[in-house]
Amino acid sequence: MATSASRPGFLSRLMPSSGGALFFDLFEQHADRTREAASLLAAMLRGATTDPARQAERVKEVESQGDEITHTVIERLHQTFITPIDRGDIHELISRMDDVLDLIESSSERIWLYEIRKMEPDAVALADVLEKAVEEMGAAIRGLRDLKDRPRLLAHCTEVNRLENEGDALLRRAVAHLFKEGTDPIHVIKWKEIYDYLENAIDRCEDVANVIEGVALEYS
Amino acid sequence: MATSASRPGFLSRLMPSSGGALFFDLFEQHADRTREAASLLAAMLRGATTDPARQAERVKEVESQGDEITHTVIERLHQTFITPIDRGDIHELISRMDDVLDLIESSSERIWLYEIRKMEPDAVALADVLEKAVEEMGAAIRGLRDLKDRPRLLAHCTEVNRLENEGDALLRRAVAHLFKEGTDPIHVIKWKEIYDYLENAIDRCEDVANVIEGVALEYS
Amino acid sequence: MATSASRPGFLSRLMPSSGGALFFDLFEQHADRTREAASLLAAMLRGATTDPARQAERVKEVESQGDEITHTVIERLHQTFITPIDRGDIHELISRMDDVLDLIESSSERIWLYEIRKMEPDAVALADVLEKAVEEMGAAIRGLRDLKDRPRLLAHCTEVNRLENEGDALLRRAVAHLFKEGTDPIHVIKWKEIYDYLENAIDRCEDVANVIEGVALEYS
């Protein structure tokens, strides 16, 4: 005879424990993809890749994996009865995480598409900040699972905020350089767009940190 | 003597049937406006209009009608006690639908404002994809009313996603062309903006499809 | 002996009166900062400032104060049990208000960063509209506190909408001018971005007005 315990579909909709762990698993898997994409992009901007088209393709593959994870989170959100953290926060969190990964992919795509040969030193510095912000964001996400070490989780969020400010200052300098040296408007147009994507990616890391901070406060 | 039945204001706030039908009516009316706007824009980009200023004005008129419908939905949402689908989903759905129509209007306005005389072939291809995406989005919206044929509704959503990918590939090619031929930076600036609007319009169709998919899953 | 009345933390989480007043206080403080920033920006665009770097820095300081207020609102939102208006509306309202202030700051930063010496007359007109829109938005926000004079509150919201339309028409003219006179693509790139920030700032005022309108309707 089938008991309710033998019906995992039914159970997973009701039991917060299993459903909860699933959401945290998916968040961490998504954060891992973002870290991979950020590191591929940084290599590209450091001029460490010989084949930009292939590198951009690899970032695209990682981004597609992230998309699938996001899709699974949203699907599960609609099917799960009791969620470990607020339903709206889960949706907001994975949406903002997905924005970060999308913007990293857009950056690498433009570098390839615009046939950028010589990288701007300012862009390398920005990519470094993005890589660090993604790292700290991932650490904050891993802290969500049990919320035991809240001060440490909040410290990671604060660090993301600090990195966003650092990125902001870097971007201002980069854009000023661009217009001072920029005798070629086409060069200016291309790099302004790449800088915009990099800046937005870092900004969205801050959005993710803000959502996490909110969750940590709510469950305190 | 006045009975509660003679007070439609009171009734419409409580009865899901009438209020529910109203929301679906408004969604479909909005989708019809978007289809009309997309078709006016496509004609413009195919070079089939003799008076771009007048055509842009017509798109603007259709967009204003869409605005009014959106406003009515939000007003009714605040006044209605029981809604046929989740309150937040209704708000998200009509907001994203309105984004699509806004971006179509922005595209046609720029073509007129920038005094574009010769259309880019890539833009025509993008307008075709947008028209199809708007069509599929409309079909998905019509499927929301009774949710009887869920597989068909989801097939329309999947088709919007496929079209968004097609649009993405087209846009990449269009931008690459632009920079390869682009000896005139002003020409590049103008067309990059128009392409951005077209791409964003298609992206927002995908957002609408995602909301609809979520609703279909929630009520399954 | 400690009574619950002597525990303000506990009380402020339960009592809507004190918590409610606090939210309205914070909204009004934020609106005051935005008005200050808009007026500093307008002075900059009228060419009434001798030191653009210092003026942009002052706008940045005001924006940081706004950030802190926003942060406090969101922190309190997570800690407060009963809110005077819908929790989601509070979040949406302060987020959109913060967008307005951010975009004002971005505008002034670009003017300084791009070393703009000669202001465009169209930009002065746009700044005037932005200043008025911010003023009307602030009046609508002040009306939220008791919702006694709802017609007046709604009139302020309608005025923001009218100003947004006026700004739209101005922007269209400004961009047309830019491309007609624009023999220098770098000049076009710089001013298009500043115009975009100004337009977006006015658009976000309309978003704020829409949230307020929604709240006024909900509590009618």
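For this structure, a couple of remarks:
For clarity, chains are labelled A, B and C in written order, and residue numbers in each chain start from 1.
Keep in mind that, in the parts below, a residue touches a chain if its C-beta (ideal position, glycine included) is under 8 Å from a C-beta of that chain, and two chains touch if they have at least 3 such contacts.
As the structure is a computational prediction, the values presented were derived from the model and not from experiment.
Chain contact topology: the protein chains form a complete graph, every chain touching every other one.
It takes 120 degrees of rotation, in steps of 5, to superpose the Cα atoms of subunit B onto those of subunit C. Rounded to whole angstrom, the centroid-to-centroid distance between subunit A and subunit C, based on C-alpha atoms, equals 28 Å.
Annotation for subunit B: residues 88, 185, 189 touch two or more other chains. Contacts from subunit B toward subunit A in the complex involve residues 88, 172, 175-176, 179, 182, 185, 188-189, 192, 210, 214, 217-218. Of all residues in subunit A, only 74-75, 78-79, 88, 109, 113-115, 185-186, 189-190 touch subunit B in the complex they form.
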